[in-house]
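For reference, the structures are reproduced in the following blocks.
Two complexes come next, and they have one chain in common, subunit A, joined by subunit B in the first and subunit C in the second.
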Partner chain A sequence: MRTRHPFTLLTLAAALPTLAWLLPAPAGALGTAAVAFGLAAAAGVRRVLVPAVVTAAPFWLFLFVLHDLPTTLAIGLRITTMVAGFVWLAAVLAPDRLVEAMVARGWSVTVAYVFAATLSAVPLFRARARRIVEAQRCRGLSPRGSVAKRLRALRALALPLLLSALHEVDERALALETRGLRSGARRTPLAPPPDPALERAARWALLLVCIAALVGRLV
Partner chain B sequence: MALSPALQLDAAGFSYGAVAALSAVSFAVAPGERVALLGRNGAGKSTLVRLVTGLLHPDEGTVRVGDWDTCDYAPEDLARRVGSVFQHADQQLFARTVREDVSFGPRALGYGEREVARRASDALEALALTAHAAQHPYDLPPALRTLAALAGALALEPAVLVLDEPTVGLDRALRAQVAGALHEHVARGAALLVVTHDLGFAAETLDRGIVLDRGHLAYDEPLATLLASAERLKPLGLVPPAVAALSVALELPGLPVREREAAHTLARVAGAQPRP
Partner chain C sequence: MPVRLLALIPVAVAISLALSAAVEAVALPLFLDTTGTILATALAGPSVGVAVGVLTSAVNTLRNPTFWPFVVIQIIVALYAGLAARAGLFRGLRTAVPAGLGLGVIASLTSTPISYFLFGCTTTGGIALTTALGRALGLPPLGACFFGSFVSDFGDKAVTFALVTSVLHALPRRTAARFPLALRAIGAA
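And then the complex of A and B:
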């Protein structure tokens, strides 16, 4: 999958949750979740499938607490599709290839960069989160104790992650502007990713399926 | 009898999976000692810092902070004795004001509000941050955020202070401020271990040099002696600071490596009176 055109990967990742929400529950969402997990497993069980499952699990817990079984199933499978699809996409989509593909189609470099930065920030974010946990523990923050205590601890972990990330986005935007990335000049990438006709057709087909599902839902 | 060590490593080893990051490293640091931990990229310096803070436990040997074996303690418990500042320390700030953030550590350790306030004030004072105490950490320039993180570690008033690259991104004036605060803290009996690639800062601030080479302890001796021997440093990817090189080239008596001492010696050698 890694070698597919970035647009194909994006289309697939977008189509899965769309269909999960449009197709009748719970069978439709069960199908899309299965496909998403299948893709994740193909990309690597430990590296992709396990994180996808782990990320989706807490949602189920909340749903079980708040809703009855049919609702939990319907919503849970849809959320699972979204989460698994996103984790899969982040794993298989190389941000630099996406930028090249977008620029080759005439997108502005800035838009392409912002898009890719969002995706490539996921592993960076994880490393930063780990650093912050370690730093706060070395300042005496205990991850144990009463619920109230742990909630307060969460603040000391989540806030710096958010603040420093926001701050950085600010700085990056500034750095881009100073380098003139805002100009609308079109750049020709050195090696735009190949986009075989078959893949192109598959993307359109997927789009049509989504539209059909939408129409089917409305009428 | 010598003071019992504040920090002691005994044949400590650590591997990340198959990558051996540290092997059989032994040394002890007494209260009041100022140690530079040197070595090229990947030598194992940060790993050693993580062992001292209890974030990692040695696979072999022991790491002791005072009479505590780090294996028996979690990092948040070791924080009573070990203060630390890591690279990217500015990313750990989160409180609404610098003062609140500096208070976080002492408060987490359970000190009373009066003691927390005293420690925060002292730490801010030591780093000349008092004027910024009421500001939001992210309104400060990055260099001052790094200083705020260091103030947070000083506020723990730890017996052992370990710093990983504390001077990255700091200008000369701020580096001098950091050096001053560290001196003050050590004068109260703390042991100091500083990882740095900034040999000029090390020469001015620290006295003893420990060099790691691919996870092994290569040298452990007075920093001045180490910095005066370029031929030993070079294979380890280290270049002595200009003052040390000058002392060696001019064969100044005592081979001073600090600017002030070198200036005095030079003036004496030249037969002139040093300016005050």
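And then the complex of A and C:
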């Protein structure tokens, strides 16, 4: 599945939960959940299927506590489809291939930059936040006690992260300007993912199935 | 869009998602996942804020797929923060905290139908538990779901507004002046 075009993977991941909510419950959602689990198992039992099951399990617990059995089954199968579909997508969709596909399709390079930079910035800033927490603890900051004390501690932990992040905006802007990035600029992709006619047809077919399910639901 | 505002978007998204480390350290029932959206809006206006909000939801969806339908809340937060910034409500905690509480009410009113009809109020463990508490208190299902959303959103948005106000005031004036809305948001222009 990794070799499929990124737009095909995205379409499939979007179509599964859409159909789970549109098709009659619980049979429709059972079918979409089975497809999502099949995809997850094909991508790797330990790496994809097990995390999908572990992520979906708490929702079933909360549903059993809050609702009766038919409602639990209907909503639980829909959420399971959504969870399994997205865990599968996160495992098989390479961000760099998605950016290449977007650029090849004529999307502005700024949009492609925002996607790629966001995906790379999140782990970077998470690591920085953890370092700030450790550094402030070393300096004697106690994050325990009354709510007011914890809120003051939160300010001391969050402020350095936010201010350093805003100072970094200047550095990033300078780097982008020196590389000639401007709104509306178009670039030539280095290695655009192949997009066979069969996959394009499959994407349109999935869209039509979703529209048919919506019409069926409304009529 | 100017390059500086373009560079701000991924940084603001990362801020929203990285603050969970600070929240875990102080063990408070907060999300702070709209901090980047509100900060970007206060600095650069609602269009940048909406972009940050949509991207934050998209990245959060990879962690917990049930977050995606709540992208509507991020957009509402950006539009509300834009109005607050234009009104100069970030000029001090006395104006920012009530504005945040107002946003908390709007956010919980908007998120309740999404949470109830799509997910049966089970989007996070905290919301499920407070919804169960609402049911135990005798509230009807939708009322209990609103109670769960309200408890989680009300304080969260007030703290987020206070945090953003602190950042805007701690920012050197020269740096703040590089963003189109920052000085107006703190009432300095």
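The rule is short, and it goes like this: the second predicted complex is superposed on the first by the 148 of 219 C-alpha atoms of A that agree within 3 Å, B and C clash if a C-alpha of one lies under 4 Å from a C-alpha of the other, contacts with A are read in each partner's own complex, and residues count from 1 in each chain.
The rule is simple: contacts are C-beta pairs under 8 Å (C-beta built on N, C-alpha and C of every residue); 3 or more make two chains touch, one makes a residue touch a chain.
None of these values were measured; they are calculated from a predicted model.
In the superposition on chain A, A:163 contacts both subunit B and subunit C.
Looking at the superposition, the partner that touches the larger set of subunit A residues, subunit B or subunit C, turns out to be C. Residue contacts after overlaying the shared chain place A:71 against subunit C, while subunit B stays out of touching range. Once the two complexes are laid over each other on the shared chain, residue contacts for A:139 go to subunit B alone; subunit C is not touched. In the superposition on the C-alpha atoms of chain A, the part of subunit A touched by subunit B in one complex and by subunit C in the other spans residues 128, 132, 137, 143, 155, 159, 163, 167. Interface residues of subunit A, counted against subunit B in their complex, comprise 128, 131-132, 134-143, 155-156, 159-160, 163-164, 167.
Against subunit A, in their complex, subunit B makes its touches with residues 50, 53-55, 74-76, 78-80, 82-84, 86, 88-94, 104-106, 108-109, 138, 149, 152-153, 156. For subunit C in complex with subunit A, the touching residues are 1, 3-4, 6-15, 17-23, 25-28, 30, 32, 35, 39, 43, 51, 55, 59, 61-62, 64-66, 118-122, 125, 128, 131-132, 135, 141, 159, 163, 166-167, 170-171, 175, 178. For subunit A in complex with subunit C, the residues that touch the partner chain are 17, 21, 55, 58-59, 62-63, 65-67, 71-72, 75, 78-79, 82-83, 85-87, 89-90, 110, 113-115, 117-122, 124-126, 128-130, 132-133, 137, 143-144, 147, 150-151, 153-155, 157-159, 161-163, 165-170, 172-173, 176-177, 181-183.
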